[in-house]
Amino acid sequence: MSERTAHGTLPQPLGGEPAARVLVAGATGLTGALAARLVWRHLRLELVAATSRSSAGVRLDALYPQHRVPIELSAPDAVDLDAIDAALVALPHAAAAPLVAELRMHAIRVVDLSADFRLRDLDSYERWYGEHGAPELLDDAVYGLTELARERVAGADLVANPGCYPTAALLALAPLAEAGFLGEVVIDAKSGVSGAGRGGFDFAEVSENFKPYKVEGHRHTPEIEQELRALGGGGTVTFVPHLLPIDQGLLASCYVTPAHETDARELRSLYGERYASEPFVDLVDAPPGVRDVRDTNVARVHVAHDESSSRLLTFCAIDNLWKGASGQAVQNLNLMLGLEETEGLA
Amino acid sequence: MSERTAHGTLPQPLGGEPAARVLVAGATGLTGALAARLVWRHLRLELVAATSRSSAGVRLDALYPQHRVPIELSAPDAVDLDAIDAALVALPHAAAAPLVAELRMHAIRVVDLSADFRLRDLDSYERWYGEHGAPELLDDAVYGLTELARERVAGADLVANPGCYPTAALLALAPLAEAGFLGEVVIDAKSGVSGAGRGGFDFAEVSENFKPYKVEGHRHTPEIEQELRALGGGGTVTFVPHLLPIDQGLLASCYVTPAHETDARELRSLYGERYASEPFVDLVDAPPGVRDVRDTNVARVHVAHDESSSRLLTFCAIDNLWKGASGQAVQNLNLMLGLEETEGLA
Amino acid sequence: MSERTAHGTLPQPLGGEPAARVLVAGATGLTGALAARLVWRHLRLELVAATSRSSAGVRLDALYPQHRVPIELSAPDAVDLDAIDAALVALPHAAAAPLVAELRMHAIRVVDLSADFRLRDLDSYERWYGEHGAPELLDDAVYGLTELARERVAGADLVANPGCYPTAALLALAPLAEAGFLGEVVIDAKSGVSGAGRGGFDFAEVSENFKPYKVEGHRHTPEIEQELRALGGGGTVTFVPHLLPIDQGLLASCYVTPAHETDARELRSLYGERYASEPFVDLVDAPPGVRDVRDTNVARVHVAHDESSSRLLTFCAIDNLWKGASGQAVQNLNLMLGLEETEGLA
Amino acid sequence: MSERTAHGTLPQPLGGEPAARVLVAGATGLTGALAARLVWRHLRLELVAATSRSSAGVRLDALYPQHRVPIELSAPDAVDLDAIDAALVALPHAAAAPLVAELRMHAIRVVDLSADFRLRDLDSYERWYGEHGAPELLDDAVYGLTELARERVAGADLVANPGCYPTAALLALAPLAEAGFLGEVVIDAKSGVSGAGRGGFDFAEVSENFKPYKVEGHRHTPEIEQELRALGGGGTVTFVPHLLPIDQGLLASCYVTPAHETDARELRSLYGERYASEPFVDLVDAPPGVRDVRDTNVARVHVAHDESSSRLLTFCAIDNLWKGASGQAVQNLNLMLGLEETEGLA
């Protein structure tokens, strides 16, 4: 572990043993860097190493000054896996699976932020992502949308952290799916550019712009369908993503033709009960904005009834990097380690 | 009319009589100011007066330097209506109708940018906007979505210029409605803040933000439904607007459950034929972005077929101030005056 | 103090007595709300009350969801001052002084974020701000630019927290002033809109815009001059602020005609030594951007030598709400209470 | 020349012979594309060809839909130079000079938007840009800051179009330089990203950011110094550029230690007289914002006197793509062709 510099007088564990020694693999991407920051600041976790193939030897705070993590990045093969209890893997799709397999061989608990273990059906995975690097682990993996799988996550050794769009869409739709209300579903989703990783977008293409993309098929669609089916839902799903001219923030607007008649009061009651004790879901009376959840692990959910069309409208705003990626990963890791779910995420 | 200053050496009519002497009423709002600019720069129109209740005596270029219109604003009652051939009325809803009535008494041709003459049904108007100031004119008014009503506009004395959201939604949906394909419709629309007029939004509420608003009913919904019915369309409409953290630009994303089966090829052919000769509709192969139409009168339309759900997806991007307001108003005025539809809008 | 809700399971003090029971006065403004958040999350401080004249009874997280502080705002006169050890006062200029006087009567330690105790010269204060509400306290107040007054702050009962522009300008210039290098100084400064408080700016006036303001005199000028003189500096100061089309972030670009000749090497050594052990000043090799310090208490400083003109160039980037206001206030409070300076600010 | 499509019914020359047949070389960059648009819409010019090495055969409106120029791009060697009267050359530095030489061999009038003919001193050019491709033409070139060289431009065959930063800085400073007031000069300049050409900046690096760059030497500095000396000015110049998180817009803030004493009244009178009859310079009473000049060829200039320091403050806002590049190029071309200076730029 890197030495603390002058700047390293920033707080870390206040005495006592850490609950786990943690590796972050792939710390130069946006989600990996944020994962490293969250572990670094977490009072019960120790950030043992953060790896990078391209930037080994560079300090993470040279790449991400805002995160204030003064640790030197390690080459992937320079990490002693026997000194690791848990890992957050933030590698690209396909690159993650072999590392996850190796980590599991060392009995290291893993939250994988890639798509490699999200789809339970191998054929579906291979249609969207190509050959799978560790199909033998698919059955072990728990799909970690925390609020929908808290107990399974707590007992898991390998958690597939959900995609950012599925996180928002599923939190918006889960109460309807669970209650059997789900008919046809249209999901019109919008994300800031950090949803696409680092270095993806030219300023002149994005600023003052807004547009849909991948309208004829996005690989988050099968992930959403898989989980809705698992919840008991329903009809066909149309999912269209759009690119917002902002950095962080994601909103899913969902339009549901209900399987049964309902009304605004029943809906509010349904959602209110479902999310009453969730620390990271805020059910709000007005349509949620992405700014209200920036740099938080919170999902803000709103539900409405369009009387003239009888459609149900439900909206969910998250920070795509937090609840849509690294924040939820730490939330899951907390559960896997028997810690308070909210630790390090306030 | 105000004298030209040094800066007034900017071009205007190149000799010959203007086709019409034009009044812009309500030139201190965003759409009125743009209307004044378009008339000022139009080679065949003369901007005789631009009125403002609050800023009479002020030069328009002091309020809107970017538009470069060096005309002094007039008090509303200081205009000699006998010297006017045509008017663009950019007053708020309800304030417009009485002025329109007065202008019509003087046989002045009017394009009204307010909502006052958009809804043919008086009850529906009064439910959304309050008492109507000139209901006797409702039957004379032509709903001026140019591409859908070119001939009626050309013969009209009073044109109700469409709302910005209906313009985009209807251009996206019209070919489907006309061909009888329209089943259930979800319209998820997004607009920059200028759609809400001048001075409406605090920077801190909008920047880096994105959110839905008026999800339980927006007054553009009955306008869209009225026109879809007129085109032969169909099922229920759900319309939800969202606020983009940009100034200009509007996108309507439309999700249609088709009345009959169709496929991508038929859709492209349908839209291709419908819009082939439209000067201000660009049918594009990729999803359209609002930046591509900024400061133009162009609508960019894209249509796709979502095979897995059999839904039809259609998108339309416009500049809410141009094709969604003042640009379309001039396009309509051109037609009413027998000019080339595109004049002054290139 | 308000009860914790479900959401209030967010972490606070990990056992042990808090070091101080803290009041935040004026918690509905941007800096007061952030101050409340920082105290709420601080492991050694207890947020006893946050006051608001206009929003008493409202929960702070209803106004600022992103800060996640589930405390109910108190009316100013509903707070039991005997249960308070320290206060962060975030009231407007002139309104702060009387409250500060009252708090001091109860022997409460105060960091005042307003301008009321920044200018040591009463005449100068009254020229820029009007009548002073507690001039008898001026001599007790320590100007709290932490890095320049650490020991005095540690021993103070009343700290005047610096303005955002002076914080950045003084950190950029202090090493030169202390070393006697300071000749004529031009400070061209740029701030995001949150520097002006809540609700100040119309989106349409700020977005895609950039402009100078108050070019003929800003009240931060006498504050900068006072502190430069105290450090031993020098010539005349010209200070011009500009408004950036962003929410948070401030950059001061300083141009100095040196009192003696110097070169790049000497400058780097001077700044390197001066700031080597500062936890919240990063001396950087490349010009600093405001994004790198967003939501941190860090100042990034860069110094260069313009050989052709022999001028010294020095730049400082801060987050105007953190190091420029509430972050520095907590940094000062930590010192006043004998805590580690960096606590609660990582 | 490409055929007009349906969309090509947009207006162009209204009868009569065009004043010149114009080539735009390098039309795929931001300034070349805008130059092509300005020529295309210009009522007295004919856009004969727009060239591109990388995109020959592609229509310009496929790359820049917003400009609405339905012309097919030509390969550079496919243009018949005998059919060309004038050219706007928008190639990168160094690539421009050989083409300019070839065009001049055909007696074609040229406005070169690159830096190749801006610096009169060959050594200085080669220090900043490398070897010069046509040094024999340096003496023929007129530095085309229109307001400072109107008559020379009108008589020139080759105009070196100024850089964007020098345009703003020189318009801000010229009245002082001409009147002998110029002492020491600090220029703190800020530009939107389009100043750096197409595809230059990652959204995540620019949005919500602001920073200085090239603080130890930018190649626009010798250009500014050369022209200030030519006007009779003065002392040393320090020039530091900064990057704004917007697309278009440039502000130069200039700080001058005056050679003689002066006051606000004399300054206003000096600037008022100097710019009174300039069609594209607006002298304004309040500090200018870049938004007010967006998509216009206007420079907004403000001058102030800082009494406490006796410094003169002068500010100039332009659109870097218009007055800072293509707009000024057309302004110059108008003069070279004996047309009204403002034609096509309103």
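Lettered A, B, C and D in written order, each chain numbered from 1.
Quick note on the criterion: a residue touches a chain if its C-beta (ideal position, glycine included) is under 8 Å from a C-beta of that chain, and two chains touch if they have at least 3 such contacts.
This structure is a prediction, so every number in the text was calculated from the model and none was measured.
Give me the set of chains touching chain A intersected with the set touching chain D.
Expected: B, C.
Comparing the two chain pairs, does B-D have more C-beta contacts than A-B, or is it the other way round?
More contacting C-beta pairs are found at A-B.
Which chain has its C-alpha centre farthest away from the C-alpha centre of chain C?
B
Roughly how many whole angstrom separate the Cα centroids of chain A and chain B?
About 41 Å separates the centre of chain A from that of chain B.
Please tell me the distance, in whole Å, between the geometric centres of chain B and chain D computed from their C-alpha atoms.
35
Note the residues in chain B that touch 2 or more other chains, in rising order.
205, 208, 245-247, 291, 294
Would you pull the chain A residues touching chain B in the complex into a rising list?
Against chain B, chain A makes touches at 184, 186, 188, 190, 205, 208-213, 215-217, 221, 236-238, 240, 242, 244-249, 251, 253, 255, 257, 287-291, 294, 302, 304-311, 313, 315, 317.
Show which residues of chain A lie in contact with chain C when the two form their complex.
Within the complex, chain A contacts chain C at residues 6-7, 9-11, 14, 41, 43, 65-66, 68, 208, 276-279, 282, 291-296, 298, 300, 340, 342-343, 346.
Per the contact definition, I'd like the list of chain C residues that touch chain B in the complex.
Answer in residue numbers: 30, 193-194, 198-208, 245-247.
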